[in-house]
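Both complexes below contain subunit A, partnered by subunit B and then by subunit C.
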Partner chain A sequence: MAESLEALFHGFAVAMTFKNVGFMLIGILLGVLIGVLPGLGGANGVAILLPLTFSMEPTSAIIMLSCIYWGALFGGAITSVLFNIPGEPWSVATTFDGYPMARDGRAGEALTAAFTSSFFGALVAVLVITFLAPLVAKFALRFGPPEFFAVYFLTFCSFVGMSKEPPAKTVASMMLGFALAAVGLDTVTGQPRMIFGVYEMIRGFDFLIAVIGLFGIGEILLTMEEGLSFKGVSAKINARVVWQTWKELPKYWATSLRGALVGCWMGITPGGATPASFMSYGLAKRFSKDGPQFGTGKIEGVVAPETAAHAAGTSALLPMLTLGIPGSPTAAVLLGGLLIWGLQPGPLLFVEHKDFVWGLIASIYLGNIVGLIIVLTTVPWWAAILRIPFSIIGPVIIVICAIGAFTVHNAMLDVAMMLFFGVIGYAFKKLNYPLAPLVLALVLGDMAESAFRQSMIVSKGSIAIFWSNGLVGGIMGLALILLLWPLIAGAKNKLIPKRT
Partner chain B sequence: MQIRSHTIASLLAPAAVLAAGVVAGTPALAAWEPTKPIEFIIPAGTGGGADQMARMLQGVVEKHKLSKQPLIVINKAGGAGAEGFLDVKNSKGNPHKIIITLSNLFTTPLATSVPFNWKDLTPVAMLALDEFILWVNAEAPYKSAGEFVAAVKAGEAGKFKMGGTGSKQEDQIITVWIEQITGAKFTYVPYKGGGEVATQLVGKHVDSTVNNPIEAVAQWRAGALRPLCVFDAKRIDLKDKITATMSWNDIPTCKDSGLNIEYLMLRGIFMPAGVTADQTNFYIDLFKKVRATPEWADFMKIGAFNTTFMSGKEYRDWVEKAEVTHKDLMTKAGFLAK
Partner chain C sequence: MNGESEQGGISHKAVDLFVAGAIMALASLVMYDSQRIGAKWAFDGPQAGYFPFYVGLIMFMASLVTFSLALVSKKSRRVFVDSARFRSVLAIFVPSAVYIGGIYLLGIYVASTIFLSFFMRVHGGYRVQTIAPVALGVPAFLFILFEKWFLVPLPKGPVEALFGY
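Coming up: the complex of A and B.
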């Protein structure tokens, strides 16, 4: 522990130079911008800028690029809250309560909560990286296909039954998501699947395009129907909203802590920020006393996913640095960067390039502090966007959505697909079908399927592999308990009548 | 017109000087130059081997100002790279588009019947060849490929798990090849990326892999993996110590270990069909300059690449032969699309 601290202080000395703090600022600002634009994700942003850093010193380069990533993690929440358009996949769950809050005129509050929770999540994750890196890295090695499937299964189970809509509608929505996720190339057999002879479909339905359409375009259509104006225009905007929200936040310490732990765990294993945010939201809804009111604009419903997403995003760097496996798409690009700069990620990086590793870890602390200050000071500005008349901002949003959809694969077909998903999103809302299960199934369906089928190949078709050791059995057991929780809770209430 | 040709000549002058040391006999005049940014397609995801190489190229070109127009890297990974190849196929005559290939140039159309073939593209140059190495966990008892294969044969069929990237692609082809010449039987488990495969081997979720050097080197150096043999005609020509006791050169060839298999993966550049020789020459020239930079040399070393360079007819013949080999291997393995 003392050794880690000493190394960390050395890292601060590396990161605190005038030049590096400058790169940090540039990175955060770019990152926030990338986070705000839907479609242009952190991974794309980092990839685009990677070659530019080629002539920089590796430590400065990674500081700037990782700050873009932190910025994107912060920025993803902004459009989710304001327009119900998730800027990044991991902010989908933030829309569930963030957007209703904005409609109630509490956009500033929601943004402050989102940013602060993000910061808290990152802080917990970076503490884990600082003190537990070697230990945690070994844990990640225990994850084979069955363990991965168990984690995805747990995510689904923590999410089922949390919608206000009838379970049948939730299941229908989720199944549609699975069906969409199955389109494209089947990674296990290497064969195209459900593309109906249209070869451009072979890349499948991209989650980002679906989300931009379902949420963004769907919302615009609804707004148009409701009379071309945003609700929440009357929002009172002042700088004190930050302090007021901060006073309220400590009440949700349990949700924050749970979110941070879920996030760290998902980042390290590596499940990623998106499933982490969904799982954390699902758990918060189940265990909070305000659970039934989630989705109507509860601040806790913003805290839960944002803490988890940022914690997962940050801890995803740990397996990348110690094992050379990226915990998220952005980490994968950073990994490529390490190789280009002549550094080999892996168990020896901590030994051979102390300056680099601890400089990076120190920059996570600093970068997030800088990031928090930047985004919090801009809260009133972001909230003020809602005051622009819809007739101006509406078309702008559609254009930004279209650009975002195009950027994902540089394909025009995706823009058409986005509009198509927009109509689906509108229809779902009119018919009171929940969108979240569809999105969850679309983003995780593919990975869950791969993990399941790899497990089946390994076990030669025996389902017992999911209980073959303590780790996988434990996760599966936990998942089943969560799935059946309503029944268990109901039975308990019957058996032990409440004393009044 | 006069003004224009003058500009081109003056643009070319520094490039020609730079190139002089590398390329003999490049015509100083008449050369074609890109007039807008060059799209550089990667038919694979971000962070993979092809992606790393492409971004590395982009960085070198940028740093040494090797081209007046920048390279814009775009990933089109869908359908095992089919998306990227179809895009280039449909850009006939566009000289501002290039694509980097891996073995999916051959395997994807054969396995999926997506309508494209390398003949729909114009071969430009081979940048390098990627090696394949047979790896086992360092705690496994096998010290040589022979011992390992004997153990696989002795165990019940399918008891040993081979992890690899993708399905019906290079890793699985090599696996089936080993099975065919030795009679051993593996259970092949497909994963999404090479780094993931290496980690699965460290965690003992699979028993062996045929990772590229760059995918597994970090774990090898950390003492978690052991290389058994390299699938090349001769040993890798890098004698610097990678671990305390071994260099790349100390890994025997599979041929010498009784596994008569040679497989290398193409890292080459193609353009759309219908471009002029002048236009291809610009790119051949550009990549020759890239190869002369110290950064490229370092990158080749880190990844233990086979640094063969080819262009023109020689390259075309190589690709033609490689296609026949792949078709043959995939037919034997039963991987062809029906």
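Coming up: the complex of A and C.
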């Protein structure tokens, strides 16, 4: 505990330099912009900007990139409340009560509640990271290859168990990610795999290209299909509205706390921000005495999803830093960044790169404070940006995606590949194939495979090694329960008829 | 979602079957190539194709389930995307594909200018006064941002060559 605090203060010293606070500001502003624009989100926004940070110092770079992520989390709420269009998937639940509030002329109140709740969610999550992460890292130092594989296995099984999408499609999407990750040189034997004589394929598929295509281009195609025309409510936030909302918010402490806890849980186990926000909204609706009036513009209906989404988004960094397993696609992109800067995420990071880790954690505190102030003061600008017609903003976003894809490896083939992934993203979204497992499998594929192969070498090919001690057996057992959860839940529903 | 419109278009079931089939074909390819490089046990541990082979196998099985479920699905009249909406998707997809081809020939800055002007003119119906600042301003800003500030060279074509880049 005291150790964590000391390390944290050291982290503040690292993060509080003039230069890093500057990057923080740029990051938040870019992040809100990304969160507001259709087709650009946390994951692909960070992916596009990642190549620009290759030459930067890792600590500054990760501070800027993670601030883009916080900005995007804040930004998603703006479009939900003012335009009834979720800028990000995790702000869908915010539209339920946020937009009705805005229509009744309470936009300022709704936005203040959304931003403040986001901030509270992030704060709880970062407190959890501060005190839990060092413990998890210390614990994980004892992990060998079988334990690591078991944790990867747990991560992927929890996708199948938690996902709202059909399990078979979740598995297919995930395996597609693993298969794409395997393309190129085998890291152990050096043999080329699945390149089918095409020499360019030896580099393999870069997940940054996949992220830009799947989320960026895919989203643009969907937006185009829906023929979006932005019809928004204008927003004014002044100090008085903010103050009055703040006075009212403590009444909903139970909803906030519940949302934050749901968010932290869903962020650490990779459920992600989107299901967390829905779950928190659902719980608030059930427990609140105003439950039946949810959806007509209840401030609690804004507090619940926003707290959970931001808590999940933030706590997704915990497994990323301590175990090298990202809890969300955006955390996966940040992890890719760490690898490019030569930092191997995992328990050793806390020992070998203390400055970096604690600088990042301190920047989460600072970044969210800066973010809250920025979004509260600049809402009208973002609303104005949203009024730019799609026939201008759409092609500009495609140009930005193309540049982002090119700069990853300076390869034109990647730009064409991005378009191809865009088509996959569009089709998968429409057919209910989840995209997050694909991206995570693509990022973790090589690491999961090498953990598996090392375990197999140790055990001489027997999978009994995954039950060889209590720890690894426990993790595997939990993973199997999650994997079979759709079957278990299905059976339970059949045996015990649902009460309504 | 109102994917239930009945004014023609591509059926949801057909696309679902097609995608599941495509994933199965891809999975077969993965398994075939893994077999080729060896998916068994060598004297020093698993061969290179060991892990991908099982990935392919699971992928195949999962999509077989999806395929079968789609085959017996009763919602056969559901439309994946109706013709009007599909046209608007193509309206951005085709120009984007041409744009990416154009980057090869003209470099990214000139291609972007043409792409932006085309899209604003055809889909926004803007006049030249509105198009020009955006279509010229955005690439110019990007040029300064990448070539000058971040020193990241982007693809350039004959026009930039005239100016000595």
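By definition in this document, the second predicted complex is superposed on the first by the 272 of 500 C-alpha atoms of A that agree within 3 Å, B and C clash if a C-alpha of one lies under 4 Å from a C-alpha of the other, contacts with A are read in each partner's own complex, and residues count from 1 in each chain.
Following the convention adopted for this analysis, contacts are C-beta pairs under 8 Å (C-beta built on N, C-alpha and C of every residue); 3 or more make two chains touch, one makes a residue touch a chain.
Values in this document were obtained by computation on a predicted structure and should not be read as measured data.
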| task | Considering only the touch criterion stated at the top, classify A:Pro51 as touching first (subunit B), second (subunit C), both, or neither. | result | both
| request: Check the residue A:Met412 against both partner chains and state whether it touches subunit B (first), subunit C (second), both, or neither. | output: second
| query | Can A:Glu200 be said to touch subunit B (first), subunit C (second), both, or neither? | reply | first
| Regarding the shared-chain residue A:Gln191, is it in contact with subunit B (first), subunit C (second), both, or neither? | both
| request: Examine A:Val399 and indicate which partner it touches, taking first as subunit B and second as subunit C; both and neither are also allowed. | output: second
| task | Look at A:Val21 in the shared chain and tell me whether it touches subunit B only, subunit C only, both, or neither; answer first, second, both or neither. | result | neither
| request: Classify the contacts of A:Leu8 with the two partner chains as first (subunit B alone), second (subunit C alone), both, or neither. | output: neither
| First, second, both or neither for A:Ala332, with subunit B first and subunit C second | first
| Now for A:Leu478: first (subunit B), second (subunit C), both, or neither, which partner does it touch? | neither
| field | Common interface positions of subunit A, toward subunit B and toward subunit C | value | 51-52, 55, 186, 188-189, 191, 410, 457
| remark: The answer for subunit A against subunit B in the complex is residues 43-44, 47-48, 50-52, 54-55, 140-145, 184-192, 199-200, 202-204, 323-326, 329, 332-333, 335-336, 339-340, 342, 344-349, 409-410, 450, 454, 457-458, 460
| query | Residues of subunit A touching subunit C in their complex? | reply | 51-52, 55, 166, 168-169, 171-172, 175-176, 178-179, 182, 186, 188-189, 191, 193-194, 196, 217, 220-221, 224-227, 389, 391-392, 394-396, 398-399, 402-403, 406-407, 410, 412, 415-416, 419, 423, 426-428, 430-431, 433, 449, 452-453, 456-457, 461
| remark: Residue positions on subunit C within touch of subunit A in the complex are 12, 15-16, 19-20, 23, 26-27, 29-30, 33-34, 37, 41, 44-52, 55-56, 58-59, 62-63, 65-66, 69, 80-81, 85-86, 88-89, 91-93, 95-97, 99-100, 103-104, 108, 112, 115-116, 119-120, 123-124, 126, 134, 138-139, 142, 146, 150, 152-155
| field | In the complex with subunit A, residue positions of subunit B that touch it | value | 45-47, 51-52, 55-56, 58-60, 62-63, 73-80, 82-83, 86, 111-112, 114-115, 158, 161, 166-169, 187-193, 195-196, 198-200, 202-203, 205, 214, 217-219, 221-222, 224, 295, 298-299, 302-303, 335, 337
